[in-house]
Amino acid sequence: MTFPAPLTGVVPPVCTPLTPDREVDVPSLTRLIDHLVDAGVHGLFVLGSTSEVAYLTDAQRGLVVETTVAHVAGRLPVLAGTIDMTTPRVLDHAHTARAAGADAIVVTAPFYTRTHPAEIARHFRLVAARAGLPVFAYDLPDSVHSKLGPELVLELAADGVLAGLKDSSGDLGSFRTVVTGARTRPGVRGFTALTGSEVVVDAALALGADGVVPGLANVDPVGYVRLYELCAAGDWRRARAEQERLCELFGLVGVGDPARMGGSSSALGAFKAALHLRGVIDCPATAEPQVPLSPGEVERVGKYLASAGLL
Amino acid sequence: MTFPAPLTGVVPPVCTPLTPDREVDVPSLTRLIDHLVDAGVHGLFVLGSTSEVAYLTDAQRGLVVETTVAHVAGRLPVLAGTIDMTTPRVLDHAHTARAAGADAIVVTAPFYTRTHPAEIARHFRLVAARAGLPVFAYDLPDSVHSKLGPELVLELAADGVLAGLKDSSGDLGSFRTVVTGARTRPGVRGFTALTGSEVVVDAALALGADGVVPGLANVDPVGYVRLYELCAAGDWRRARAEQERLCELFGLVGVGDPARMGGSSSALGAFKAALHLRGVIDCPATAEPQVPLSPGEVERVGKYLASAGLL
Amino acid sequence: MTFPAPLTGVVPPVCTPLTPDREVDVPSLTRLIDHLVDAGVHGLFVLGSTSEVAYLTDAQRGLVVETTVAHVAGRLPVLAGTIDMTTPRVLDHAHTARAAGADAIVVTAPFYTRTHPAEIARHFRLVAARAGLPVFAYDLPDSVHSKLGPELVLELAADGVLAGLKDSSGDLGSFRTVVTGARTRPGVRGFTALTGSEVVVDAALALGADGVVPGLANVDPVGYVRLYELCAAGDWRRARAEQERLCELFGLVGVGDPARMGGSSSALGAFKAALHLRGVIDCPATAEPQVPLSPGEVERVGKYLASAGLL
Amino acid sequence: MTFPAPLTGVVPPVCTPLTPDREVDVPSLTRLIDHLVDAGVHGLFVLGSTSEVAYLTDAQRGLVVETTVAHVAGRLPVLAGTIDMTTPRVLDHAHTARAAGADAIVVTAPFYTRTHPAEIARHFRLVAARAGLPVFAYDLPDSVHSKLGPELVLELAADGVLAGLKDSSGDLGSFRTVVTGARTRPGVRGFTALTGSEVVVDAALALGADGVVPGLANVDPVGYVRLYELCAAGDWRRARAEQERLCELFGLVGVGDPARMGGSSSALGAFKAALHLRGVIDCPATAEPQVPLSPGEVERVGKYLASAGLL
């Protein structure tokens, strides 16, 4: 497909269903894709943080993107994360993504290594020159431990290096600088600005974001599509009410006991428990070394779903 | 070989020489290994931070460990880093290392993902249960963004999960707790405590460390072997003088202009420039997206070598 | 005056004009207050970060709040920051603020010391019990190095400990949780949620914030009052345009050369240079050890003002 | 007294005994001073982190330094911390310290504000020019959130700005650079390098430190004086054994339940509980909002003391 420029709408970061022995559960994955496509989402982002990309082996990553591209069959654009530490390793993943038919890749700054702004810029330039696919920058300081400054993003956009940004920094002011700059900066054309937030989607769209990549859209894709459409129609009052409903549902990410597990185990465990309870996937297992939710914690996920009318 | 318990002495983290087009330069790597073995080092650690492991593709990582194991041919123990984000990905690297004949693996806590102490413990337990090789914990908070507490290390040592620790945290007080605990804690036997410091090796050995893993030993392995032997002989006065000489040489890691590059580009670039100037490797290139040293910066590396009598 | 609950509107954090020898310039301060009051602002916040509170001696802090309270003479509520490391020191500042006639105090979590959630809660409870004035929590992780979680804020609000929140965390999602919770949580009444952002004021008001505390309102109070009124009227389209105009003006905080000074020297220097260029204050000096703007940097501030029609 | 250059030996950071209603307990403070002086310590450091300086009001700070100077009566040098956010506030504390007769002040980099290396240097230069007392830099990144680089310290030492360094950074490699540089850098004379560590005192002295400032010396000053003397005599074997004994005693800082309190509440609470159990001070209260130790936690402090032969 011709990649839309900009890409707009709801682009869920797709969970990766696993079997009890932690292999990719292909039938569940295709059911999850149907669940999202049927809800009217506008694109799919596989191999992001919500997909547990950091936990998937290279073989599993390849299987996920191949399965998704094949099942989507061109109906929607498919973006694939190529999350790794540095340029050469990212390029290996980019090669896999391209061979599998992904439409774009999503790339973080280098991590694990100590990074410098000049090295970050060089990284994106080298990846874009060699990947053979449009490149989205993925700004995720909680994981990457550096922030992509809006000036760098706009400079790379103007130079044709970046096709878009997926902003999971939580810093809406900085995101606004990119959004506004993408409209006004000479040389920037068709740039896509996506927010990774679940809870200020209305605000991000109001200030000009093109689309949204909320992990919670795995659980309630219909809700996020509705929210997107209300914003697109300028009905901010009803958009705010829908957003507040989704904020309440989002509370499910906190069901895991912080004395027993980290935020990732809790949030990804809750998303998968919800998909399991809703009958979309067969098994709620998360990858190792994440800690599973207890039965009581899963029960609390169910209550969130019930409150939201999703059970 | 039977893996020594504890492993003692100088165990350099081996640089990975690259060709101008950033492939592993196998002849240079074997010359570098000879340079280290001939100096009398007691083991080799490949695929650590100094080896640019974060920049090497899986194929390159495999080639490095195979080349090293084959060339060393059992004369010394070979430890291999399996640096990756989570358990399943680390296990893939562990499989490669074991197949290539490495004697032990060196494993960090999970990174990129948000981690919790329970998840970190679970990670080491799962890796140790499945890797088929002794496991060294690699404590490197600058890269991993969490610190391995001494209590966790000792608990995992007592349970037979960890064979050793490579401490690059810079926190000598915490390291001392491990060193002393490894001697006194019931159930801990043959545990190896290695410091990654270049500049307080005498202090670490004085408080009971088993060995040292200094990146600078690529450049001056004879100096670190001499330092180790002086410490082993209890000649602390001459050890301090040798250490101070090496501290001065270590200044070469700062030759890179901080306005133009990060600390990794500067330090690894300087190590490789020094090895090139000393005639050990053919090409001083570092992996991308690191920024190369300028000719003037390389010249300053040469001055450090000359001052240290290494040219 | 009876303190409004909630307090709504624009509440600028008032700059502290200094003489060339770094004493509080009282005539300039009263002119600045007039400049703000005449623009229609709804309250004043003295002794916040924008006021250089961290740089003012206790005597200077006392003079600022006394001068302000006397000059305002009950026309508007005056909030006073009591920024210090721990409970006993904050209470000393609270005593001064109360004696001078301030209407409320603004209090951060403890800093410099290592803090624990239980200690942070205890701090706010002790301050509220003893200060004799309504307490606003000041969430400023860049300075305080801990984040006030929305759950803690709402719990303290429900217990009558906190009268409001001034959120300068940049995390709009977390702020929304407080805003929504203040409306729905049993026991919370008249709670004031203020954002410290300059650049997402429209978004914060759209999701339910009561008011805004933008440092840039020193420079363009008329703009922020206009923005507030457009939001209050639900005219989001024109609000966005006004906000984008203010975002562009906000670029002036970056005039200072990052090789020569930090962000505080640049931003506070630019605010004061702008107030000086606009004829509001006599001297643009910032407190020590901040680095002064160069003449060329001041000239760039002037260009920002000219573009915004403020010269 | 003429301030020694360098100052050598054991310089305990003196705890500040409080009454049950959190006023400075002057009789207990003088008994604590006697306890330290009688043990043979070589200087006293009041108003440091161990003194709970961050929790003391200005009046209490003044009382502490006056009481100490009067009671010591010139027998030992007295250093006073002037811990505050910026230059003007530090100078106010310096004025108090000088008026009270302190021999030197101990000054951190600015905190709470965003800092820049140029601003940090300017801060120390301004304080030194105006304080009228020798200035020690206090490197405490856990509290100050910036690290004093060895280059900056040595530059300020060479310019006569700094008389010494109190290093509580935990980074022995960086400390060594200062220690060695203070011996070899042209223009540096009589500079004092003190480590704040409790647990690597032998190592710090072995590499050339002049003295030590261990908080635990409040509890066991005789032990630290003995350790210092063994190191001064070059008896490294017995020094290591004494250091390991003190490391074990240092475990008492961890008695507080981390679910209920922070590290400061636990460590300072344990020091004071120990001093109370040893009969040196009347009341173990710590300042607010720190959380008190439970009776069971105090009992564990007692066990540490008993094991160390201190009860």
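We call the chains A, B, C and D, going by the order they appear; numbering starts again at 1 in every chain.
As a convention for this text, contacts are C-beta pairs under 8 Å (C-beta built on N, C-alpha and C of every residue); 3 or more make two chains touch, one makes a residue touch a chain.
In this text, all values refer to a predicted model and were calculated from it rather than measured experimentally.
A.B. asks: Compare the CA centroid of subunit B with every other chain's and tell me the farthest one.
C.D. replies: If we average the C-alpha coordinates per chain, C ends up farthest from subunit B.
A.B. asks: So what's the Cα centroid distance for subunit A and subunit C, whole Å?
C.D. replies: It comes to 35 Å between the two C-alpha centres.
A.B. asks: Taking each chain's centre as its mean C-alpha position, how far apart are subunit B and subunit C in Å?
C.D. replies: Once rounded, the distance between the two centres reads 49 Å.
A.B. asks: Residues of subunit C touching 2+ other chains?
C.D. replies: Within subunit C, no residue contacts more than one other chain.
A.B. asks: Quick one: label the inter-chain contact graph as line, ring, star, complete or other.
C.D. replies: It is a ring, because the chains touch in a row that closes back on itself.
A.B. asks: For each chain, which other chains does it touch, given as pairs?
C.D. replies: Those chain pairs satisfying the definition are A-B, A-C, B-D, C-D.
A.B. asks: If we count contacts the way the header does, which residues on subunit D are in touch with subunit C in the complex?
C.D. replies: Listed in rising order, the residues are 22, 49, 54-58, 60, 83, 85-89, 92, 110-116, 118-120, 122-123, 126, 142-145, 258, 260-265, 287-291.
A.B. asks: Which part of subunit B faces subunit D closely enough to touch in the complex?
C.D. replies: Result: residues 170-173, 176-177, 180, 197-200, 202-203, 206-207, 234, 236, 240, 243-244, 247 of subunit B touch subunit D.
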